[in-house]
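Next come two complexes built around chain A: one with chain B, the other with chain C.
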Partner chain A sequence: MSRRLATLFHGRPRLQVGALLAGPMAWLVVGYLGSLAVLLVAAFWSVDPLSGELIHSLSLENFETLLNEPVYRDIVGRTVLIAALVTLTDAVIAFPIAFYMAKVASRRGKAILVVAVLIPLWSSYLVKVLSWRTMLSAGGIVNWALAPLGLSGPGFGNTAVWLVMSYLWLPYMILPIFAGLERIPDSLISASEDLGASPLTTFRRVILPLAFPAVVAGSIFTFALTLGDYITPKLVSNNQFIGNVIFNNISTNLPLASALAVVPIVVMIGYLLVARRLGAFEHI
Partner chain B sequence: MRLSRRSTLLLRTAVALGLAFVYIPLIVLAIYAFNASNILEWPPPGLTLEWFPKAIHEEFAREAFLTSLKAASVATAIALVLGTLAALAVARHRFFGRETISFLVILPIALPGIVTGVALSNTFTQVLGVDLSLMTVIVGHATFCIVVIYNNSIARLRRLSTSFEEASADLGANTWQTFRHVTLPSMRSALGAGALLAFGLSFDEIIVTTFTIGAGEETLPIWIFRNLFRPNQLPIVNAVAVIVVLISILPVYIAYRLTREEEGTGAAPAGGARGGRIEGGGVETEATAVP
Partner chain C sequence: MTTRQANSARTAWLIVGGLLAALLLLAGCGSSSDETTAGNELQKLGKGEGEVDLISWGGYVEPAWSKPFEQKTGCKVNNKVAGTSDEMVALMRTGEYDGVSASGNATARLVDGGDVAPVNVSLVPNYKTIFSDLKNQPYNTFDGTHYGIPHGRGANLLMWNSNEVKPAPTSWNVTMDPKIAAKYKGKISQYDDPMSIAEAAVYLKAHEPKLGIENPYELNEEQFEAAVGLLSEQRPYVGEYWSDLTKQISAFAGGDDVVGTTWQYQYFALKAEGKPVAASPASQGFLPSEGATGWSDTWMISSRAKHPNCMYMWMNWIVSPKVNAEVAEVFGEAPAQSLACEHTKNPNFCSEYHADNPGFWKRVYYWETPVSDCGNGESDCKDYNDWVQAWTSIKG
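The block that comes next holds the complex of A and B.
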């Protein structure tokens, strides 16, 4: 049987490609993109205000609501802003760690650091958020540590959301940058040094441009994960983010929830197209 | 790289601060698992070991743990098959639309979980008329796990010289035999590392799960979420979390060993073979796979 199949495929590359791609494409195109298409269509439906039943005719009502209601504009603005801040924060914290791991640490130190960065990735997301919730609460360790200095922690709110999300997604930024830096041959760095560049110049003119696509790759995760998270905002703030509004409307107003879900889809597809241009896909 | 003593010191400080940021919340969490009171104040009034036996005997948590194991194993298995197939097509063939495949594979993980969750649950319940269950959770998880396997496989396939496959074909092996005896063995560690990462992703996932799980079923993250707000259960949740972290150290270590072994035997001869390659828990230097 397998021999006969193999003979069938022999010298027929098109047939081989078809056989290889049939499963993955059925799953991703028909299943996944199909589901997204259904969601997109549902975004144009509406809900009968009296009976609460779905009206399946198409209208732009939901998108008008999103554009005209200041509440939604604020929520979208806040979510995108926090996502950008989290991405920036993570890039700043991750780069030195990744750089040390890739180019400075000994072989042994590197191995230890890789494992040290991977372990938090394996510990429960919820429990990490919970840990921050207790740390930031009134009687928590943050206030306790800051009290002798006469300071107090940020408490719950946007600052807490920014802090906790930066914390949660940091490993997703460290790992691609580390891998990206590892790919830069040491000889390039030596060449720059031998030609008389100061470490800062070498960093700015050689390392940073080569590592930039990896930073963009990491940013895809930090940005996307922040854009959709509704649990962290719920646990460490009273503020609404896109995810919260989708979650709250899903059972009462599915069309509006779907229209809101289109926002992160559009934002992320735009982000991915730019990221691909910058060569980030090689680093994911 | 040659760095001045001051820059090295500066860099080390940044690394130490970064690691402190990463580990302090985990340490605080671990300490609370021994907290004698169930009020989460700092410092804890006293320490106790009572939560650990309670956590181990918590029946729902155990059941949820097993459910998570099941979901993550099946999702990983599906992702392994689909991810490897797609990677083989892209790395070894030229065809129309080849560039779009990577985009398509990345999409489920680049779109926020809530979008994937809402889209899938909508399709299952409204279009297909399927009841939500553990199966629907597995479909959701497999969808975003494909990318991890795909990226690890494609990185390995690109590094793997095709001359071995050509030699195999010249010696009379058919397509299947070449894959089975030449290509697959040299992809083993990349697949292993990818599978572990996919497993970890699925095991800890909560958002897609929330939208696709059936009534009456619980994965471990769902169990944790349901017990977060019960003051009596909170210390047990902390203990469960610590146990899960401890259990997870083992797979991370195995992943690391798995890839190190390969390095030693040189089982992946490649055009651009370099020394000092480190792979651990899905980290490949050629391309890192992260969610």
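The block that comes next holds the complex of A and C.
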């Protein structure tokens, strides 16, 4: 039996690869893309108002609702704006840390810093958000620390969502930038210096262009993770994200929820196309 | 671009195209679900089928009373906890469950969808001693047919922080009237559910008689717009919309919120922690002057139940005096069984939760499912989808 199988595969590289990939590909196409396709199909259905049962006929009604109700435009705008702000914040904070880790720290210091960046990922997402909720509450530590200065914390709201998300997704920005910077040979930096470039010029003309694809790669994580989150907005603000509206409609109006789920997919496709233009995928 | 890259790009587009085609095919030939007719009620109780599959609110099915049930009847209890009424309806639609502890905002949807069967109350001996004001209600009896066994009920109270909110409010105007609510800007706690629209309607019913609101769940265009408008005005003053009761407890305990809608459970939990919270006193009938919304839960049996005998035994068990007392105390609600009051651990439990005080419940408007047909033959009322949509718009 095994000999016959071996003969079958011998000298047939395509069959070998096919057999090897059949399982994972079936999972990807049927389990992953298939369920996504079913979800998207549902976006064109509607719901019987009385019994709440699905009506399986095609219509663009849900997409019209999304376009015509101002509240959905506000929610999409808010979600995308906060995702962009979180990405920007994380990029600004992560770059110096990653640079120090990659180029300045000793071997030992580097190891310690990598572990330090990874440690928050070991604890539960929910615990981290709830700790922020406690810290930002009226009687929380943020207000207590700011009180002597005559200030008060941001309380719950968009600012709190921005703060918490920036905290949550920071490691996802640091690690790709760190990996990108590590790949830049030190000799390039020395060469730039030898040719008389100031540190700022070296950074601007040598390091930044080489590390930029890594920043874009990190931004895909922070942007996509913020875009899809709905628990943080619920716990530290009253404002709805796209995910909250999907959650609220999923059991009463699945077609509307599906139509809403198309929005982040479209936004992400646009984002990825821009990222490809900027060269984020060249070294993958 | 090299030829190889061009080839792989073409393959990628072919895959995308193929998926799109498959998608359209799927969308076109989605079969319509078959029309389920409500099954007839069970006539005679038979032997247990060995297990029963339930959907319930958290705290309704606990080992403390489900284990003795299993030992007594031989029906193994498989429980699925649902977080919202909407989730319960969705789960019942799968046909995989025998029964559900449905609130009034789910029952009509389940009956209309043919998901639940009528209940023969003569097969549930404990039904006889259930509080009479819970029987034959519009959310459990449809066209004179019983569709379930009442389990328990609660009211949505007005709670406030007695240090911060003075004088003690006697009306919902403290959260609903923009002039008064502005005093507690950013510190109002509102239940995060479309049912809050009914709360605004209860307020308008008392204060805007010319709108002619009778039932806060049957609102025509004008009445609905008024209630939604009131909540939109309230929006800037809301500190937090809560759906998870621990979130509300933490907001009141931490001083983030000082006044708002609550359930008896949170009120007594905060009291027990020694927090300065108050709710309407006995002199006001324990409710603000307008009355309040509330919920009344009903055990219903699926029209496709695989274990109907076990389900009937469960419905009788859960409203038996001792068990109903246990559930009510664990969950924090008024028991449906009148004999349960003799079995509660806290001897004052039934009076604290007003279980035996019909006057209290007369002023409570139990959750119902809003439907477009509200009895005047014109189908001009707002249905539940409109309520969900409006609630999304209010929160913004």
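Simple rule for what comes next: the second predicted complex is superposed on the first by the 267 of 284 C-alpha atoms of A that agree within 3 Å, B and C clash if a C-alpha of one lies under 4 Å from a C-alpha of the other, contacts with A are read in each partner's own complex, and residues count from 1 in each chain.
Keep this in mind: contacts are C-beta pairs under 8 Å (C-beta built on N, C-alpha and C of every residue); 3 or more make two chains touch, one makes a residue touch a chain.
Computed from a predicted structure; not experimentally measured.
K.L.:
Given the touch rule stated above, what does A:Tyr167 touch, chain B (first), chain C (second), both, or neither?
P.N.:
Only chain B; A:Tyr167 stays clear of chain C.
K.L.:
Looking at the overlay, what does A:Phe241 touch: chain B (first), chain C (second), both, or neither?
P.N.:
It touches nothing on chain B or chain C.
K.L.:
Does chain B (first) or chain C (second) touch A:Ser35, or do both, or does neither?
P.N.:
Touch partner of A:Ser35: chain B, not chain C.
K.L.:
In the overlay, answer first, second, both or neither for which of chain B and chain C A:Ser137 touches.
P.N.:
both
K.L.:
Once the structures are superposed on A, label A:Glu69 by its partner contacts, choosing first (chain B), second (chain C), both or neither.
P.N.:
Only chain C is touched by A:Glu69; chain B is not.
K.L.:
Where does A:Ser251 make contact in the superposed view: on chain B (first), on chain C (second), on both, or on neither?
P.N.:
Touch status of A:Ser251: second partner only.
K.L.:
Residues of chain A touched: more by chain B or chain C?
P.N.:
Counting contacted residues of chain A, the larger count belongs to B.
K.L.:
Go through chain A and flag every residue that touches chain B in one model and chain C in the other.
P.N.:
33, 38, 134, 137, 139-140, 235
K.L.:
For the complex, give me every residue of chain B touching chain A.
P.N.:
1-4, 7-8, 11-12, 14-15, 18-19, 21-23, 25-26, 28-29, 32, 40-43, 81-83, 85-86, 88-89, 93, 95, 101-116, 118-120, 122-123, 126-127, 139, 142-143, 146-147, 151, 174-177, 200, 204, 206-207, 211, 220-221, 224-225, 228, 237-238, 241, 244-245, 248-249, 251-253, 256, 274, 276-278, 280-281, 283-291
K.L.:
Applying the document's contact rule, which stretches of chain A touch chain C when the two form their complex?
P.N.:
So the residues of chain A touching chain C come out as 33, 37-38, 40-41, 44-45, 47, 49-56, 58, 65, 69, 71, 74-75, 133-134, 137-140, 155-156, 234-235, 238-240, 245, 248-249, 251-253.
K.L.:
Can you list the chain C residues touching chain A in their complex?
P.N.:
Going through chain C, the ones touching chain A are 19, 22-23, 26-28, 30-33, 84, 86-87, 89-90, 93, 109, 112-114, 186, 238-241, 243, 247, 250-251, 254-256, 371-373, 383-385, 388-389, 391-393, 395-396.
K.L.:
Within the complex, which stretch of chain A touches chain B?
P.N.:
Residues in contact with chain B: 2-3, 5-7, 9-10, 13-14, 16-17, 20-21, 23-24, 27-29, 31-36, 38-39, 42, 93-94, 96-97, 99-100, 103-104, 107, 110-111, 113-128, 130-132, 134-135, 137, 139-141, 144, 167, 170-172, 175-176, 178-180, 182-183, 185-186, 189, 193, 199, 202, 217-218, 220-221, 224-225, 227-231, 235, 243, 246-247, 250, 254, 257-258, 261, 264-265, 268, 271-272, 276, 281-284.
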